[in-house]
Amino acid sequence: MGVLEIHNLRKSFNGTKVINDFSFDLTELTLNCLVGPNGAGKTTTMDLITGRQKPDSGRIVLRGDDITGLGEHEIAQRGIGRKFQVPAVFRDLSVRQNFEVAYSRQTNPFRNMAGRQPPGFAPRLAEVTDLTGLADRLGTEAGLLSHGETQWLEIGMVLMQDPAIMLLDEPVAGMTEAEIEKTVGILNRLKRTNTLIVVEHDMGFVRQIADVVTVMHMGSFLAQGSLREIEADARVREVYLGEPEV
Amino acid sequence: MHLLDAVPLINALILGLSIASIWLIAALGLTIIYGTVGVINMAHGEFIMVGAYTSYALQSSIGLPFLLCLPASFAVVALVGLVIERGLIRYLYNRPLDTLLATWGVSLVLMQGVRLIFGSDPKYIAVPQIFQDNLAFGPFGLSVFRLVVIAITAAVVAATAWLFYRTRFGMQVRAVMQNKEMAASFGIDADRVYMITFAIGAGLAGLAGSLFGVLAIVLPTMGTAYVVQAFLVVVVGGGSLVGSVAAAGLTGELQSVFALFSNDTFARFLLYVLIVVFLRFRPRGLFAVAKARR
Amino acid sequence: MTRNLYHDKRAQWLLYGAVFLALAAVPLFVSDGFLLNQFATYGVYGLLALSISLGWGFGGILNLGQGIAFGLAAYGMAMTMQMQSQDPDSNPIPPFMLNNSLDHLPAFWEPFWSTGGGILLALVIPTLFYVVFGSLMFRARVSGPFIAIMTLAMLSAWYTLILDMQPYTNGANGLSPPSPLTVFSTQIDPYSPTAYWIVCGLLILATAGTKLLTQSKFGLVVQALRGDPERVRFLGYNVAVYETVIYAISGFIAALAGCAWVMLVQYVSPAQLDTNFSITMVIWAGIGGRLSLIGSILGAFLIQGGQSYLGDQFLNTWLLLLGAFFIVVVRVMPKGLAGLLELALGALARPRRGDGTGARADGAALPAAGE
Amino acid sequence: MAAAAVAAPHLWLPTTREAWGATLKKGEPIKVGLLFSLTGQLAVPEEDSTLVMQYAIDEINKNGGIAGHQIQPVIIDAKSDFNVYSEKAKELILREKVIAIFGCYTSASRKAILPVVMSQNSLLYYPTCYEGAECTQNTICTGPLANQHSKDLIPYMVKNFGKKVFFVGSNYVWPKESNKNAKIWLQNAGGELVGEEYIPLGSSEFGPVLGKIRDTKPNFIFSTVVGASDIAFHKQFKQEGFKVDAMPIASLTTGEIETKAMGAEFGAGHFLSAPYFQSLDNPTNHKFVESFLKSKYGKNGSTHYNMEETYLSAYVFKAGLEAALNKTGNIEEVTSRMIRDVSGGVKVDDSISPEGLIWIDSDNFNTWLKPKIGQCQADGSFKIVAEAKEQVAPDPYSIYPNLGKCTATGLVAPDGKARKNVI
């Protein structure tokens, strides 16, 4: 039994079946790469898991708890963190303030008016800044960070949430080689202590981080296994050869 | 139901059509500008007002016939719009709240500028005698000028639809609306498309103004009377042409029918509340699509 | 590293303290009852600008209908003061109602016999309305310009309703309570230092409270959702609740202003719910600097003072100048006059480490990556 | 703290209200405030009010002023904003220490400034028509009250056009109160009310109302629509095919200025009741019209009932101040309130008043005057078709006898209790 189970998920937009009977299990403390050609439904799956879209049918179960149809913030509170493809940080706040907002153990607005950060913030911040290497950028306005730094900031923000599962949508899009290398390091450290789903196109990157690879095609589950098994899979080859981009 | 009882209601429906046409032509320019450029133009009412003053000035100085005042007002206000777009709006395209505020500043300047030039006493626009009559079919009737407004509105809507859906320019507009960068890579100059659209939208307001100057009165403050209704039409319609047509039809008829059964003031209150409730359930209006996030 | 003094919390509090002190000291130097009353009225405008700055500057909620809270509270206060001049036995009904053929006091006027109860209602009802209307809007995820238009429509609805309910509100003529507010059997002369200090005290308390609020975790979350509400939602916060709360607090401050205003002018009419007045509030905050509480307040002082003291010299050109000035502010300095100060202090700090804080003035308050 | 007490002794002394009040000084000009809007929506009528007041003050000053003192106007632009009215009234009274304010055109602005006028015991000359139902000790009104305004008009219309009437008004207090009075005259004249509608202030959409009028087929329309709406109403009336000779509009507001603004073609044939018309045929009026239009204040090209009522208020003030001087013999002892108290019964005779003799009621301080009925002609001027035989008494509480009677000392209820400052 996985930490996150998806059963027979379906979702259509204007009659087009975007997610079609998709099922999936996520094992604790693994890094699962979700791959598939454009339009396979990867981002929509993310949207459905995090509550941004509501499924037409099917169930999403987190640690035995049915979270289907809950609001985004409720799902986030139950322990699913998400990083967007286009990095979404609060550009006019400082890096430190971004982390403070992300430390969302207390979400009641009236309790938060009291001002102080809940206990545990400082050690968590130290851990996260150490991991992301942003310790000396804490005072900088987030809008002034480089692209790579912004991506790490957002990963850091998701970590501040201390989620049971992290969903990362194309975390290395637009990064330089050196930045990708650093991100690989971060993710490989993370997967020792966290459960992750990473949506990615870049197979070279997938090779360096993935424990398990899941392939989606036309909104359905196609194959799952180690990267080697996937690369040997005939159906996967067929799907990918049909598409020019890998 | 006796036919006799239905007469007031049918008359109210006919009148509702006229009110709808007035609100629609008031909202048309706003729709185009909002739908294409994404700017909420708070100075729209003052564009209407400038259009009315243009007609008044042309008529009283060089005696231009009323029917020629219409295109003249269109041209003059389009020019005003062009200047404002080039001088101000184009710097604010990515800042929707700021365009709202900046155009409100523009409205103050236009209103006060007109007041300094023309004074604050009311002016009027004369129309040919045949426009000052009433057409009656038995118990049903409507004034000729209201019919003229309905006809002009229909013609202008048709022309706008043609321009935006049947011409090369319209294709460019829609390409820019969908994806500015992609359109640019096909050699479409988004900046130019925005500029022209804004000018056309302003010009339509000017045209509406010269019609309203005949229905009511030409005053520096006249624009505010129409602009709230125009906004509601655009917001309810969701910013598309067909949306505005539907929204104007709906709200105009409701206003007319509510007024028949209660009174004008209460009808207006009821309409505002209905619109707020409607927006609660369709915050993006009648015809709008959700956007994806990557 | 040298930080921009503008962002230094201690320097900010020093500035606030200095402004508060200067405001509180005014009656020691001004003996003219007219001036005290006028300055107190500016204080009310300052409260309104503060409420706009909180909602729009910090929360990104451009509210063009702040006249709702202001006007409803002003009506509540005027009703309270009106009932003070009535007598339950010999003369229980305000004169205007008799003219509108009401032969008994409408039920919703009854609570206003009590001064404390009346003022409480004047504050609670607008705030509650903001909670209800706010949660309606924010749960439907209405955002950006649509909030502006919806609040504007709601304001028009209230305006029309109050105008039309003449037997209960005296329609366009409004309420003019014949004598000043009496609390604890003391009449508060609107031209006295007492009245001035009451308003000044409200302004200081509200400003300090709001400042603390913006510096709390709550304030930080609100500033974050101004930029990207969806991101905040995915961090586990219920954005609609946060937005409703900030909107309601801003409404509460405007309601305070409404009560204080009627205490000073003994008058309220639907004009207080006119769209122009509500938009004027936004202009105060915009020119003063919506991101700075004190900047917004000083913006209100500046513009209303300008209107009172420059207006008659310029007469007709005043509105023209105001409009043009506002365009310039929006176009080149979205952070208003406070932004200029930030730039200047930033330039002082720059020689040692140019972090470009000032240069990125534009767009800072705008949805960065939202829809 | 001690330093503060020395620096600001007023904080610790009981404030003496009188010390702030207006005073007149021998040999110094008499300051009065002109509180009208020169900009904004209300500027259309109120700019003319300011101009005609300046004209009247010039005229009085040229003829030797009041007891040798010149009048000095303090001219204010209230910007059509009620907040500004309130603020500027305070400034005029507390700061400029004017002895009287001439101002306002709408009841809403009057109600905005009355609290300060009353609390400082100052004096307001309200120079236009209003609804009444107000009894203060600090106002004098020179326009017709609702009970005077339509008294002759309604019977005249019923007699000449028929019994059935439709009431249309702007949605605020004055039209509703005027219509209450009109209903009484209508009942007395044996007429029948077939409909009553109020449209939002400033609205220019008369379609629904005209639809109801078409359905109810009245013989004439009684209109209390004001401002820009009034003009829209007359234009749409004609455009919707209504014929003026079959169903004329009898109005309390549509005068020379409104007719000019809408175009005489839309005004011709309709009726207006007012105490004054530019076309009144008497020597005083001829002189007034001619010399006003020639003066630097006559730039807008017409004289209007509202302007004439404003003009009269200057002479009512002059007469009141002279009466106060007679009483005290010393101008420095005259207060605003004293002028008000002695103004009961003061007259402006037909050598000065273009509308003919008028006088101030000594109980309620409104004006005795003769309403006249005029019909608009094709050139926009009015032809007088009827005139009251004698001055009609003003009564602000005519339709509310239960509330009491307005007297110089307050509103006296039927049970004998008097209440001051009822607004």
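Labels for the chains are A, B, C and D, by order of writing; each one numbers its residues from 1.
In the analysis below, a residue touches a chain if its C-beta (ideal position, glycine included) is under 8 Å from a C-beta of that chain, and two chains touch if they have at least 3 such contacts.
All values reported here derive from a predicted model rather than from experimental measurement.
K.L.:
Taking CA centroids for every chain, report which one is farthest away from chain D.
P.N.:
Between chain D and the rest, the longest centre separation is with A.
K.L.:
Of the chains shown, whose Cα centre falls closest to the middle of all protein Cα atoms?
P.N.:
C
K.L.:
Compute the distance, rounded to whole Å, between the mean C-alpha positions of chain A and chain B.
P.N.:
46
K.L.:
So what's the Cα centroid distance for chain B and chain C, whole Å?
P.N.:
32
K.L.:
With centres defined as the mean C-alpha position, give me the chain C-chain D separation in Å.
P.N.:
Once rounded, the distance between the two centres reads 35 Å.
K.L.:
Whole-Å distance, chain B centre to chain D centre, using C-alpha means?
P.N.:
Chain centres of chain B and chain D, defined by C-alpha means, are spaced 38 Å apart.
K.L.:
Where does chain B touch two or more other chains at once, residue-wise?
P.N.:
Residues 115, 265, 268, 293 of chain B each touch two or more of the other chains.
K.L.:
Could you tell me which residues belong to chain A and also touch two or more other chains?
P.N.:
As it turns out, chain A has residues touching two or more other chains at 52, 84, 86.
K.L.:
Could you list the positions in chain D whose residues touch two or more of the other chains?
P.N.:
39, 171, 200
K.L.:
Which of the residues in chain C come into contact with chain D in the complex?
P.N.:
Residues of chain C touching chain D: 27-29, 31-35, 37-38, 41, 90-91, 95-96, 98-100, 160, 163-164, 166, 170-174, 176-180, 189, 191-193, 265-267, 269, 271, 277, 307-308, 311-312, 315-316, 319.
K.L.:
Going by the contact rule at the top, pick out the chain A residues touching chain C in the complex.
P.N.:
50, 52, 71-73, 76-77, 81-82, 84, 86-93, 97-98, 100-102, 104, 106-107, 109-110, 112-117, 139-141, 143-144, 157, 161
K.L.:
Applying the document's contact rule, which stretches of chain D touch chain B when the two form their complex?
P.N.:
39-41, 43-44, 47, 171, 197-200, 202-205, 207-209, 211-212, 214-215, 228, 231-232, 235-236, 238-242, 257, 261-263, 300
K.L.:
Chain B touches which residues of chain C in the complex?
P.N.:
Within the complex, chain C contacts chain B at residues 60, 62, 136-137, 140-146, 148-150, 152-154, 156-157, 160-161, 163-164, 230, 275, 279, 282, 286, 316-317, 319-320, 322-327, 330-331, 334, 362-363, 366, 371.
K.L.:
Using the touch definition from the top, list the residues of chain B that touch chain C in their complex.
P.N.:
Against chain C, the touching part of chain B is residues 40, 88, 91-92, 94-98, 100-102, 104-109, 111-113, 115-116, 224, 228, 231-232, 235, 265-266, 268-269, 272-273, 275-276, 279-281, 283-284, 291, 293.
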